[in-house]
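First chain A sits with chain B, and in the next complex the same chain sits with chain C.
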Partner chain A sequence: MSTGTTKLDVVVSDVVPVNELVTRFHFRRRDGELLPTFSGGAHVVVEMRDGERTRLNPYSLMGSPLDTREYTISVRRDDVGRGGSLFMHNQVRPGLEMVVSYPVNLFSLDLRAKKHLMLAGGIGITPFMAQTAQLAGEGGNFELHYTCRTASLGTYADVLSERYGRRVRLYHDDREERIELDRLLSSQPLGTHLYVCGPAGMINWVRDRAAALGWPPETVHFEHFAAPQPGLPFDVTLAVSGKIIRVGEQQSLLEAIEAAGVDPPYLCRGGVCGQCETNVISCDGKFIHNDHWLSEEDHRSGRKIMPCVSRFEGKSLVLER
Partner chain B sequence: MGITFRKETFRDDFTFRNSPEHIRRFPFPFHEDSYMYAVNIEPHVVGPKGSVLENLIDVDEHYVAEMQDRAMVLAEDPLRCQSLPHMTLAGWDLLELLMEQQALGYPEHFTLTRDGDRWRWINRPLGIDDTFTFGDTSTLPYGPMEYITRQSQGDFCILDQRDGNLWMDAGMVTTQADWSLDFDIGMNFFEWHAPVPLAHEKGIFVRALKFLTNIQQGKPARRLNWTMTINPRLDTSPENYHKWGPDRTTVTPENVGDKVHLRVELQSFWRLPRSNGIVFPIRCYLIKMDELVTQPKWARRLHRVIRDLPEELANYKGLTRYRPTLVEWLSKLDDGSPTSAGFGPD
Partner chain C sequence: MAAKTIISRPIYGTLSPQPGKHHLFVADAEGALAITDMAAEAPAGFFDGAEIVFIAGPDGKYGAALEALKPAQLHIAPSFASLLPRLKQTLANAHMGLRLYLAGTEGLIGQAMQVALEAGIDHTSMQTEHRGSLARRMQCVHCKGITENVTTQPATCSHCGLLLLVRDHYSRRLAAFQGVCINAEDRSEIPPMEEIFR
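Take a look at the complex of A and B:
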């Protein structure tokens, strides 16, 4: 694909169950060479050939950036999701040849930070696996607070505790342990950067408290695990390519455009990078903007849409593609 | 078959010349008979054999002389090379990129051997054979960025990406067209482009920044920029304005062909893997008018471009004083016939 990222031909070298919800996948290059170097917080887009359908899901790289013999990702099974994680869990076995994108980093460390304060929720731990490995290698100053539902669902909590000891602090929902956020945020040295990855509610909570406590916005970094939301099917006319397409209940607009043979640019497939932004030529109905890219003014104007995560309900929609 | 490196100077007696093969490979920047800004960015992919795009990092007959000139500039003014503390990792990224690309394109001149973190770098034109530990700055005579950019043609700006912007936080800048790293260091994309006329109004920088922050690892991009320089000076910095500024008053109808040089910058943009920064190599190519007009298409087209250039642009590029003399001289080589499409000579 010319407009996405450069692709890598890989083979699944190992599949390791981590706990009742999470499985880890290892990839090596088919030609035996090293994989491209990456930076902590990067993701790859994994292509899944699921029958007639190609699914493209982004997953954080969780191995050490210092070791590029293999890439590792961890996938949390979502039984009511759109099917990508189930495909990974049910269909992907060692030896399977797959295609992944080059690494893309939309959740980069700010290397100016005197200290990196990391807050993870659930499967949001994965980018921090690579970031802590990178920082530990460089002697960086970090502290990780990780909240999970139960000890048995604390994915890699044991690994992290063993590697980094007191720099890792665990919180279990079933024991009613909760991050004392205000105290934590108020007690950091100047020059600390804050990173949060997890469910939307957690990200919003942390961002709101940080703002209220006077943290400058440029020191607060977050990564959404925003999978496209399902919704009512709708029809779209693509003006440039002259196609009329239907977007299914479980399909994103971007996926429907791709399935119609149009090759739009994309990077994150999660509404944050801005790459797939598309002009609306006309519409009669309402947008369900799920993205974090467009401004509120853009949303109100009805002239732009991010097809990777946003949907539409109404009579007609014409896009410039 | 290796490159024959010229012995030449970019100062004092100005012995810089292009060989006939190098004239033909010059990256002439005008694809039509007029010029205006555009976001003229395209994928940086390998181009035709014998062109400056044959390799993604070009090494040419001026390599050794340019590296000697750089060493002289740095000896006088060490601030031409600066790296803020958080940019060291990006410096290692750049070292890897340049060593890999130079060794790949010119194996007869450069060799890179790796054994884990233990790397050996052989640079035959400059007589260097160093073994060092990748990532350990104490094993090199300079920081990683300075070490490799003392051995690579062109200027290098390393940009940190944060808050949706790019910040010029490191660089090796000795062959620049009237801007200064020491002034720009720490600035963001809009701040360091502030002096450029017309383009802000056109929204060019907003679009360019959007493009650049989305540059992907493994997918570099490039663009050409140009200006003119009197005498083949690589170092036309604000710091040395007193040396090169007055040259502009010395252009006469008799010496135009020898003194006036078209200066083309091949700028490329690469995502760096470990630091997630962007490196922006600015490779400078110089050609004097006498050499350029050996290609009749270029002579005709350059005449029309310079003649019709908007006043603000001519001023910004510092052409004002000698433009009439240059246009008059070029007009004699323009028979009015059409020029063919594209950049290359006929």
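Take a look at the complex of A and C:
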């Protein structure tokens, strides 16, 4: 069993189309009991039995942490992705029995903060659904700025505006509305923590501006669900288990290791949590590091790899697995 | 610099200029030297957005050295208690982008940190540098009284008079080290008192 990923047997209790790209899924426990409690920002890894293939995708829990009768996630359809979101949209129906991991939170609120400033882009809104519900229940001080392409793709913008009124501010790309980031960041009271979830470009922009304007790194929290990038197939020798495996074009190294019957630890499957970090025993070729976990020095050393998102191009690679 | 003994014993660093819009320095006595040393590596114009609050101490040195840095504001106070209202006011009105630098004795760093924590600054986000006396601020665990500037081991509680072993166990909430009765079994047992936190 992988670290921190104890499994829950669930049944899909509802599937609700939200807009042209996003569908919401509700899960209940098959035995009718309450689900484990979680905190705002947590995600679960959903197992998808897609024929011969098992897909594992992380999705943020978006329901209120105060209600554990069901878990809800929202999935944005990606027509050119690796197929996980298409499987959810096309194959998952109410009544389907599925397996999800226990919740893991790599994007939790820092409850010592005097104020929580939240910035969401697109489907990056989902963890904030749970966080705002958690804070509203505790009378917390928060402000949410949400950018979306068009009003119709402003997933849950109506729900949030209804619930929280002026604490929610919307920006629509098609109306050329932009967050005035420097002004926003400079006007926050001391003790504010910043949370950002959205596309990589948005996260980098916000983190860079916050650092330049004097926000200590401890006050800046971000979450980016990076899907593993496709690439050239490559062969890997797993020294501990004595296996030689091939990583396909559309497969991540982690997925190939799992398919070979080795059960490495993982939590985020997006290159940020560090759980699947693996030592490189020898290699002849170059790494394509896509993770945010290892230091630049680690990347240069060629001694470590994050198999969930990183790839390899070259003649030989031997890993300690 | 103090060696790490137990996990709560604070470890201090060396001040270095941080990115930010405003810079607030709180220092006492030789702490001024940590600021002037840092000034050598600060980017041009750094002190234009800086406020220095300084407790000069009895010999009244270093005020001129700080003035020479031409900070936006320089405030010289006779004691920590006298600058406390001003410090609280500054922090209450501050915005994210203010960076805090604490330099000098442990008592000063700890007490200023205590106020800043209340204002919402995480202790890991503050720059600290220990300079000058090693004197400790100590809380008697028996009567809860605080004795300032403890330099001896053991030390006498200035409130209840018990003879206390000054521990490395530190409370960030109280900004003080713990003092625990050293001769609770037999009060007639008086170990020699040495000056070790000078």
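General remarks:
Basically, the second predicted complex is superposed on the first by the 318 of 321 C-alpha atoms of A that agree within 3 Å, B and C clash if a C-alpha of one lies under 4 Å from a C-alpha of the other, contacts with A are read in each partner's own complex, and residues count from 1 in each chain.
As a working rule, a residue touches a chain if its C-beta (ideal position, glycine included) is under 8 Å from a C-beta of that chain, and two chains touch if they have at least 3 such contacts.
Note that the structure is predicted; figures quoted are calculated from it, not measured.
In the overlay built on the shared chain, the residue A:P189 is in contact with chain C alone; chain B does not reach it.
In the superposition on chain A, A:K114 makes contact with chain C only, while chain B stays out of contact range. In the superposed model, A:E218 lies in contact with both chain B and chain C.
When chain B and chain C are set side by side, the one touching more residues of chain A is B. In the superposition on chain A, A:Y164 makes contact with neither chain B nor chain C. Once the two complexes are laid over each other on the shared chain, residue contacts for A:W205 go to neither chain B nor chain C. Residues 112, 218 of chain A are contacted both by chain B in one complex and by chain C in the other. Listing the residues of chain C that touch chain A in their complex gives 18-22, 91-92, 94-99, 119-122, 124-125.
Against chain C, in their complex, chain A makes its touches with residues 112-114, 185-192, 211-216, 218-219.
Interface residues of chain B, counted against chain A in their complex, comprise 84-87, 89, 160-163, 210, 214, 216-219, 273-276. Touching chain B in their complex are the following residues of chain A: 5-6, 36-39, 41-42, 65, 102-105, 108-112, 134, 138, 217-218, 267, 273-275.
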